[in-house]
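What follows is a pair of complexes built around chain A, which joins chain B in one and chain C in the other.
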Partner chain A sequence: MSPIYLEAAVVVLGVFLLALEMFVVQGEKKILAWLGIAGLGIVLAASFFVDQTAPTGAVPSYHAFYSTDSLAMFFKRFALVTTIIVLVMSVDYLGVVRKFTPGATAHGGLGEFLALPVLTCAGLMWMASAVDFVMIFVSLELVTISFYVLVSYTRRNAASLEAGVKYLILGALSTGFFVYGITWVFGLTGQTNLEQVSAVFAAYQGSTAPLLFAFVLLVIALGFKIAAVPFQIWVPDVYQGAPTPVAAFLSVGSKAAGFVVFIRVLRTFFHATAIAHKIDLLLVAVAACTLVYGNLAALPQNNLKRLLAYSSIAHAGYLLIAVASSADPASGGAIAFYLAAYLPMTLLSFLVMIVVANYSAGDDIADFNGLSKRSPFLAFAMLIAMVSLAGLPFTAGFFGKFLVFTVAIAQHQTLLVILGIITVACGFYYYLRVVKAMYFEPDTTPSGQPGGQIPVGLLTRVTIAVLIAAILVLGIYPKPALGLLGSAAPQEAAGVLRSVSPQVVLR
Partner chain B sequence: MVTLNDYLFVSGLLFAIGFAGVMLRRNILIIFMCLELMLNAANLSLVAFSRFNLTPERTPNYNAQVLVFFIITVAAAEVAVGLAIIVALYRAKQTVQVNDINKLQF
Partner chain C sequence: MVHEVVNQVMGVSEGLLPFLLLVPLVAAVFVLFGAPARPVSVGAAALNLGLALCQCVTYEKPFSYTLFDVVPSLDLKFLVGLDGLSLMMVLLTTLVTLGAVWMTSKVESGENAFYASLLFISAGAMGAFISFDLFFFYAFHELALIPTFLLIGIWGHGDNRVAAAWKITIYLAVGSIVLLVGLIGLYGSLPVGQRTFDLVKLRELATTTSLIAPSAQRWIFPLLLAGFGILISLFPFHTWAPEAYAAAPTPAAMLHSGVLKKFGLYGLLRVAVPLLPAGMQAWTNVLLVLLIGNILFVGYVAVAQKRLDLLLGYSSVMHMGYIFLGIASLNIIGLTGASVMMFAHGLSIAVLFAVAGEVRARTGTMRLDELGGLAQPMPYLALIFGLAMFASIGLPGFANFASELMVFFGAFGAGSGAFGYEAAVAGKFNLYQIATVCGLWGVVVSAIYMLRAYRRVFLGPLRSTSADVAAAGHPVTDDLSGNRRWALALLMAGLVVVGFRPGLLVNALQPVLLRTLPANVSATTMLPASGVPAHPQAAVVAVVPPRG
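Right, the complex of A and B next:
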């Protein structure tokens, strides 16, 4: 079975959920989420049994724009797992959506909130496989346009609408840059397929100015998607205003897919040896700015969603360190492991935040005061997520950062390593503030009954437990996971980025 | 004789006008029109590249023209969603000026 059926199955599932919502499910919509979770789970299981070998015939097939390499498969599974957990969050969040969405009936207008993430997931999976600029563009837009709708979904909430408009304008702006960048690549090479573009770039003799122009346009556009400074301006506002599950989806799914495309485009441009050292310089500069800005701006935040937004920028910075050290063969594995660690810890913090915010009606850090006394389980889950995001040993986050720094040191990226270590220290401050609020502040719930247990649904409880286990297992015994990624990511992701000779590496 | 450079110049000009509009104008609808202008700048240069960089068989390179169709389609989808969001915003706040959307700030 070819992997293209995975995306087809996801699209069918999404449309099926919409039809079901329209014709069958009149009351409670939670059943749609459960069906979605089950369906995506089946697709995830099926993804381990697909045939990845590309046909070798001379006849051009869909493989000209659809790659089935292990990099693509890794990110397809990543997108599926993310979407499943986002759907679990959405079930808990439905109450808030209902309050802020006008509908004819009590449950009207909720079905799309559960079906759209499934369709977005198909877009993310196509992005993971796209190796042609047309395909990259269309799948990227499928994801972005779905997110416009999702971000502004709770339209009676002024903050959500405002976030939607901001995301719309800046997202469309990045689309404009992306398309114009593609135009110049096409003008230079006459090709849209990444492999053929690479071949033309490798033999390129002309002026470097148009090449750099095209590259910068593409970096601006992809920088928006992965939230790299200075293209991060939308991130804090959109995360704070958007429905919380959507913010989580943006910060994990959209960012990871952005990184795959970024890696593939970068790999293409590294074939143009004339500009390779300029690309290196640009990457180092962007990574340094992202690290410093994300971590420093997170320090004074009092709203947890906003804090996680800046944290997501900061993590993009650590990932960019690995991208900037891409001459090292281990960098692809480091990126993959970092993202695999980033997924459970970020989603766990958003999930706990949704449950707590449902109860205390707020997502400021102050709403977490004394959580350990009210609800030890949730407080423990948040503790694990925060120490992992900060990068303390025995958590997944620690090994992610460890691998990234190892790669960077091997590539003599002294500046980035020093900045990285200083900013990790900043990170301790703002992540551990949340822990302090939960464990050392008196219980002062603004609205609720103090001492009252926060009710947690069974599905949520199981998901939280699985995510905690994933963080701890990846942190204490990462070897099997590394081995798994070793077979999955490196050959493709690792040799990743370049096939240029080592002397062009920035030293 | 109109050359490739002329087309590229006009396309660059359109892109610059669009970008300046997005940065400088305060009305969301005008910003949105400027965004469309940027996409059309790309379309114009794609068609020009396709027309002037002939393939060995002396036919235009149709890859670019296919891409143009995709861009037009995606832009239409974007406008449909975008205008819906702007209408919802207008219903909620009775304004389409960016200066009035300032609830979320640092």
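Right, the complex of A and C next:
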């Protein structure tokens, strides 16, 4: 069975949920989320049994667009896991959605909020497999347009609408850049398939200016997706305004899919050895700016969602360190592991934030004051998430940073390593501020009942426990995970990234 | 027959090694989940001390084994082991942990979290000392960071506690990340194919070949020195220490100043000195200048202190200078002295902080001008403080004396090229000898501030600060009572035993430290032949007071 059925199954599931919504008017809409979680879980399980081998002989035509390599499989599973957890969050978030959606009764108007993430997931999975610029564009737009709706879903909330408009305008702009970049590539090569584009690039003898121009256009468009500086302007406002599960989805799913496309496009352009030096320089510059901007701007934040938005930029910076060190064969593994570590810790912090925000006035850091007394469990979960984001040993985040620094030092990226040292120290400060609020400050919830316990639903509780366990296991005993990745992303992402053109190694 | 039994016991005790780490960790988790905090913690600490003593008794030669693989492609695995140096550190850790947990007085709120944090700190230190793998060696030390942050921030003393918690955490985080870069740089500078995090392998490779190119060593070493230096409170990175120790709850101050701070020194001895000899030589002069800052500058700062807790904090920073001096001297005597001093200082500063904490609990103040005459109501605490103080100054009979003596002999004889003594006799002091003289003067300085503190706190007329202190429930007249006397007596016993028989430690340390020294360095910087045996091992025995 070809992996393409996975996407088909997810699309069918999404449409099924939409259709089903009409018939569960009387019941709780939560059942849609549970069905979605169950369905995606089944697809996730099925993804381990699909036939990954590329077909030989009479190749089905879609294989020119659709890759089944292990990089693709890794990011498909990544998208599935992310979506499942986002649906769990949505269940806890439904009350807020209801409050800010006109016409939404206890029974209606919520179905799309649960069905759209499933359709987005299909888009993310296609992005992971797309190896043709046309296919990349279509799947990218499927994801982006779903997010336009999701970001502004709580339409009685001005912030959400503002976020939606900002995301729409800047997203459309970046799409424009992307299409324009594709046009230039097509004009240069007459191809849209990445492999054939690579072949033309490898033999390319002409002027380098159009190549660079096309590359820069594509980097701008993809930089928007992965929130790299200077294309990050939208991130804080959109994260703060969007419904929290959507912000989490943007921060993890959208970013990871952006990175897989980025890796594939980069791999193509590395075949053009004439501009490899300049690509390297550009990557180092973008990585440096992203690191510095994300971490420094996070320092004064008082709103946790905004803090996590800047943190998401900062982590894009660490990932870009590994991308900029892509001459190292281990860099692909580092990127994959970093994303795998980034998933549980980011989703855990968003999940805890949703639960806490439900019972206090908002999602400022001050709303976490004294959380250790109100709910030791949630405080501990947040502690683990923050400590992992900051990168303390025995958490997933540390191991990710360790691998990233290992490849960066091996590639003598002195500037990026020095910036990395400074920014990690900044990270300790702003992540531990949350810990300080939870543990040092007295309980001062404005909404009353100080000392009141925060109830946590069973599904949420289990999800939090699983995420904590994932963070600790990835940090203490990453061997099985690395083994899993080893058969998946790294060789593809790393080996192939540069191996065709070893002479491009800068140093 | 007997041999077999011995072998079996040895095998068992080797197998017991991971339990040194597991016992505090498991106890911490249990306490966190609601087990009775104090009994479980004290029990775990006592059990761990038993395990450590068991290792001491059965220890014959260094051993190490892999617990599990982590990243085979990087040759990264969880490798545990013991040699003389780590055995000493394990003993120190368990002793101070037991002392700290035992001395913990009633915790008003969140008792379980308090004890769990203490146990996590102890487990972090223990893990660092028994890991023979660079990665885990590093990672375990970081385990203590968050518990320290929480202990100081939640249960600390004074209004300054949150600021102090921030300061220590950011300082240590920066130190750690610099250190991490240094360690990864070290790993990356190894020849391809020999890259490993395995310290045992690394040391073997380092003895046979020059493993890392000297040019690489020269940029890796300063990273390690800065990273470890921040953790050790090397001048001028020391300002976090006194503030944090003053603000920390007593057991946290005991554990941190007694044990955790030694991690950086241990790392220098374990990683920097053996693997980066060229880097070490290139940067020795810088280190010597900085450690003079530690001894003299911080020493005088300690003299100026008006609070007992800050004074002890600065004294602890100052004494790091002596240990640095021993390490910098790069000969067997100096290194042995530095190692023994790590043990001695760990015990004495823990006792001093414990007594200071008791004084604070009874009088409600740490200001020297508000204290006085406490020897009258609390003779036991005064006695213990006096003993620990004399130990800390370096009076004979305590481990500190033996170690200081070795450090001074080692450092004075050190220096590149000509034998130090001859140069000194010729009237040409090298930087080592200048540092040694400064160190000797530092002993006088430490006597000044310690004795003055003792007079201010314990002698003179009793100045029970005020009625409101008594009203606040501070039983000014109580001496340390009951079984908690034994906790301090235990720590003092360690100091006295090693003070009278330093050979106990020296014999275990020497084989390790001899292998630590790069071959060419140890050959050129031994004591001169005149009168003193040139064999380094014999030289140490000649310096150390006769055993028994």
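Everything below uses one rule, namely that the second predicted complex is superposed on the first by the 492 of 507 C-alpha atoms of A that agree within 3 Å, B and C clash if a C-alpha of one lies under 4 Å from a C-alpha of the other, contacts with A are read in each partner's own complex, and residues count from 1 in each chain.
Assume a residue touches a chain if its C-beta (ideal position, glycine included) is under 8 Å from a C-beta of that chain, and two chains touch if they have at least 3 such contacts.
The shown structure was predicted, so the numbers you read here are calculated from the model rather than taken from an experiment.
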Touching partner for A:Phe133 - first (chain B), second (chain C), both, neither: first
Contacts of A:Phe402 with chain B and chain C, given as first, second, both or neither: second
First, second, both or neither for A:Leu168, with chain B first and chain C second: first
Which superposed partner A:Glu141 touches (first chain B, second chain C, both, neither): first
Between chain B and chain C, more extensive residue contact with chain A: B
Chain B versus chain C as contact partner of A:Thr192, first or second or both or neither: first
Partner chain(s) touched by A:Lys479 [first = chain B, second = chain C, both, neither]: second
Touching partner for A:Ile182 - first (chain B), second (chain C), both, neither: first
Footprint overlap on chain A, where chain B in one structure and chain C in the other make contact: none
List of chain A residues in touch with chain B within their complex: 133-134, 137-138, 141, 145, 148-149, 152, 155-156, 158-159, 161-166, 168-169, 172-173, 175-177, 179-180, 182-184, 186-187, 190-192, 236-237, 240-241, 297
Residues of chain C defined as touching chain A within the complex: 68-74, 135, 138-140, 142-143, 145-146, 149-150, 153-154, 162, 165-166, 169-170, 173-174, 177-178, 180-181, 184-185, 187-188
Chain B to chain A touching residues, read off their complex: 8, 11, 15, 18-19, 22, 28, 31-32, 35, 38-39, 41-42, 45-46, 49, 53, 55, 61, 63-64, 66-67, 70-71, 74, 77-78, 81-82, 85-86, 88-89, 92-93, 101, 103-106
Chain C contact footprint on chain A (complex, rising order): 330, 383, 387, 390, 392-394, 398, 402, 405-406, 409-410, 417, 420-421, 424-425, 428-429, 432, 435-436, 439-440, 477-479, 482
